[in-house]
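Below is one structure; the comments refer to it alone.
Residue numbering begins at 1 within each chain, and the chains themselves are lettered A, B and C in the order written.
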Amino acid sequence: MTIDIKSLTIIQALEGMRNKKFTAVDLVQGCLANINKYNDDYHVLLTVVDEAVLLTKAKEIDKTDYSLPLSGIPIVLKDLFSTDGLRTTAGSKVLENYTPVYDATVVTKLKAAGAIIIGKANQDAWGHGSSGENTDYKPTKNPFDPSRVPGGSSSGSAVAVSLGMALAGTGTDTGSSVRLPAAFCNLVGLKPTYGRVSRYGIIAMASSFDTIGHITKTVSDNALMLEITAGKDPYDATTSHCPVAKYTQLLSSTPKSITVGIPKEYMIEGIDKKIQKSFEETLSTLTKLGFQMKEVSLPHTNDAMACYYILVPSEVSSNLARYDGVRYGNSRQSFGSEAKRRIMTGTYALSAGYYDAFYQTATKVRSLVKQDFENAFRNVDVIVAPSSPSLPFKIGEKADDPVKMYLSDVFMCPVNIAGVPSLNVPAGFVVGLPVGIQFIGPQWSEEKLFAIGAVYEHTNKIRPVSQSDQ
Amino acid sequence: MKQSSLTSNDIDHISTLAHLFLTDDEKSLFAIQLSAILDFISKLQKVSTTNIEPTSQITGLQNVFREDEIDTSRMLSQKQALANAPATYKGYFQVKAIFGE
Amino acid sequence: MNYEPIIGLEVHVELATKSKMFCGCPADHFGRQPNTVTCPVCLGLPGALPVPNKKAIEWAILLGLALRCTVQEKSKFDRKNYFYPDLPKGYQISQYDQPLATGGWLELSNNPIIQSSNNPIKKKIRIRRVHLEEDTGKLQHAVVNGTDVSLVDFNRSGVPLVEIVTEPDFSTVEEVDQYVKKIQQIIRYLGISGADMEKGSMRIEPSVSLRELKTQSSKFKTLTQNNKTKKLPQYRVEIKNINSFKFARRAIEYEIERQTEMLQKGVQPLQQTRGFVESKGITVAQREKEEANDYRYFPEPDIPPMKWEQSTIHNLQLTIPELPDTKTERFMRDYQLSEYDATILVETRERAQYFEDAMKQATSDKRQGLTAKTIANWIINKKVDVDNISSAQLIDQIAQSMQTSSMSEGELEKIIKVVLAQNPKAVEDYRKGKEQALMFLIGHVMRETKGKCSAEDAKKLIIDIMNGKNS
């Protein structure tokens, strides 16, 4: 039976298999068909698992009663997730021929839940970028307009879901990288609280910022993915004991009145007029849903960026030091220019940094940014913000508007500095291109974000699938 | 650090520390781009941080340990350990000779 | 122009934990095939993360407490960034500005055996810090297909290492020697490491410089307790690759000579790291491992910081056994032993325990001659094989030897002749040179006499009879 993976959700797929409407083999074949159709043009997946292997796995699942939570669900992993026996490149030429000998914790969990790993997704090399253009391989294209960027760095993960190559894509978000591709591809993307999901086996970019998140078509799909992957890991000392809620069961538990904060520091001149209009429509929708709007202030927003640009490159430069070509990988000559730039920047910041207490100042400013959010959340339940000040831009178009560049960082990065969760939900289309909205909450409030996201999602009309299908 | 921009010597020093071998073009480019860090540093210096504790762990976790137990489940065989190495010799990783040891 | 040596010491100790510092691989790597004791963490594979070993941290704190350090309430790990093939992550997880313990001291041994005879003052060496870090892999040189290469083995990578750093308080090689032996003794008392230089579980790195002596007077003693007020030399030389106490002495002596020669020529020695060459007994300049010494330390983001409650530290303190100095004093006081005797008995915990076990049995034993002095003497001078007999057996042997005879020689001779006749094989064995045969015969005779003769007398007579001196 041919299934249209592009319009199927995980929940529907599980129901379909459990009600014997179709099989796991059907799902895999549907994904493979889309891979064959789109991968060469859109450069979505860097590695695809062998068809015979996939079908064998699917057949095994088909012998069960599909009781595992992700039985037979095809997923793709961002190519910085270590997969035992499956090439893992981090989007870089340095690891062009690297095959891990172990699985990341998240991979182990997904496999144990019955998921089928279809392949490894293209990305900005090492996570360095927010457009997808910084891959050392061919850049992934936006499914709604292939001349435009899909957002990054988890570019392939988002496009794979949009083009029906998988039902979910995993990613990492260090300063935008799950939320922005989700926004640019009309998908749901969660950046959870830092420490919610294990980083063990995930190729590190900036250790105190990297957060594992998932990209799916719906909020309920996303809630299910987080239920499987979240939790304390003895192999990752930065994961929290905070119990993992049954996110899927709490989706309809929105409290009666929600106060939504709008940060005044974000609402400055420079946002694309069409985005501004879309954002106002979202606020209007939220008001109609009974949410109260309130202005909040995040006074250290500007300082947050200085803090981000000291701390992140510093950690990056250190995390990329292990790629010395001794035990694995090509030599450091194979680093792309963006990676080299970040390594140089970080090395310089640390060299000038700790001795002169700049690093410490940056970590103090980090405390201030965290406090900003904590203070705001005393007065509001969630904060809402656009996911991007502009629409997906053309591939190769150099960003020349400093205000737009600043704003795109501002909408995304402070969340990573404060370690708080943020959920991107599709907010509609503008001139045929997707726009996303972010719901930001206090630490460990993922269930609240999912509940609000679900309510908002429900009010939107059914979204059109990717342009290539129209 | 009161300089307004980085010299070519500075870039050489940093690239040596970073074990990166840059082309001349890259060196010139980075000299300009790295100077931007100085702007961020000076911005930070203007923020009032008296009596603010630095945040090293955004989760607030502390004292996370493991018991002193052997974990055989993660151990690698010699073959696995060497699996991705460009050069090996009799179970060792092989690299260019380092003298002075 | 005279110069006084200013020496500081860094001692690295591999902890004998079951598992490594940041992963569950066995810490015991000695003699294993290369790269067979690794996992993603200690091999530095992409994506791997460190989780600290609680026992290693506790043991490092114990050592800090034993060295009278203050355990810092707040402590953390930091990354020390540099490139070297034996450093898999391109950084070592160590401690920079918040080590586990600081500000301790060690009194050098008063052991007259190894102390320089003309210094009655106990010198204090200040301990600057005690911190914890992970060990690197091992690099060795080889020739493969005619080409010089280096070979790397990561079995040792990640083993917990405690680093003990002193202030530059040493003035002589003897002091360094005493200190290292004392540290080794304390570590073995705590049971946290074998601290064996030959096996590499204890490594030392002296820093040596020379300072002009302000006066030419030979009466001027540089062996003062407190060097704090004097200015330190502008340079110092670190010496690596020292694998025994003997080589440590030689390396330091050589370095003092080398620097003296240079200074006398008016040349200031370079600040550098030098390696000791065993075969030649000299030090040579080493190529710098890390360019320009810029380690770019920053707090390790993968490991949350540590905060210690007073009660935790107090409970750890309670687990520290009686340490050598205290035990020596107690032995002198409670058993009226000389410092010399007490020091030797206390050398290892096992021997001290053996002595005290023997003393315990002696107090309830009614036989004569079981005094502390005698027991100490027997153990120290190894009058019997103390390593292989129990303390109870020791007491027996002493008591027996102390026994005076209460029978006549004639009576004894009769008994001896009977025993010899009943045990021809033993007599033959003794004649062949087997000493145990004699012991056997003595024991037999002692039993027959029902304790009425002394072992000494029995032995003498048995030998005489066997040699045909009596009819």
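As a convention for this text, a residue touches a chain if its C-beta (ideal position, glycine included) is under 8 Å from a C-beta of that chain, and two chains touch if they have at least 3 such contacts.
Predicted model, so just to flag it, every value in this text is computed and none were measured.
> More contacting C-beta pairs: A-B or A-C?
A-B
> Taking all protein C-alpha atoms shown, work out their mean, then name the chain whose own C-alpha mean is nearest to it.
B
> Would you mind pulling out the distance in Å between where the CA atoms of chain B average out and where those of chain C do?
37
> Measuring centre to centre with CA averages, how many angstrom lie between chain A and chain C?
For chain A versus chain C, the centre distance works out to 55 Å.
> Taking each chain's centre as its mean C-alpha position, how far apart are chain A and chain B in Å?
Here the centre of chain B sits 25 Å away from the centre of chain A.
> Identify all positions of chain C at which a residue touches two or more other chains, and write them in rising order.
40, 43, 51-52, 83, 85, 90, 152, 154, 294, 296, 299, 301, 303-304
> Touching at least two other chains at once: which residues of chain B meet that condition?
17, 19, 56-57, 59, 61, 64, 66, 74, 76, 81, 93, 95, in rising order.
> If a residue has to touch 2 or more other chains to count, which residues of chain A qualify?
Chain A, residues with two or more chain partners: 98, 101-102, 208, 234-235, 237-238, 317, 321, 324, 326-328, 347, 351, 363.
> What does chain C use to touch chain A in their complex?
It is residues 40, 43-52, 79, 81, 83, 85, 88-91, 152, 154, 294, 296-299, 301-304 of chain C that touch chain A.
> Could you list, by residue number, the parts of chain A that touch chain B in their complex?
97-99, 101-102, 194-195, 208, 234-235, 237-238, 240, 300, 302-303, 305-307, 309-310, 313, 317, 321, 324-330, 332-333, 335, 337, 340-341, 343-345, 347-349, 351-352, 356, 358, 360-368, 370, 418-419, 443
> Please give the residue numbers of chain C that touch chain B in the complex, ascending.
Against chain B, chain C makes touches at 17-19, 23-26, 33-41, 43, 51-57, 76, 83-85, 90, 139-142, 144, 147-154, 275, 286-287, 291-292, 294, 296, 299, 301, 303-307.
> In their shared complex, at which residues does chain A touch chain C?
Per the touch definition, chain A meets chain C at residues 80-82, 88, 90, 95, 98, 100-102, 104, 199-204, 206-208, 234-238, 314-315, 317-318, 320-324, 326-328, 347, 350-351, 353-354, 359, 363.
> Within the complex, which stretch of chain B touches chain A?
Result: residues 1, 6, 11, 14-15, 17-22, 26, 30, 33-34, 37, 40-41, 43-45, 47, 49, 52-59, 61, 64, 66, 74, 76, 80-81, 83-86, 93, 95 of chain B touch chain A.
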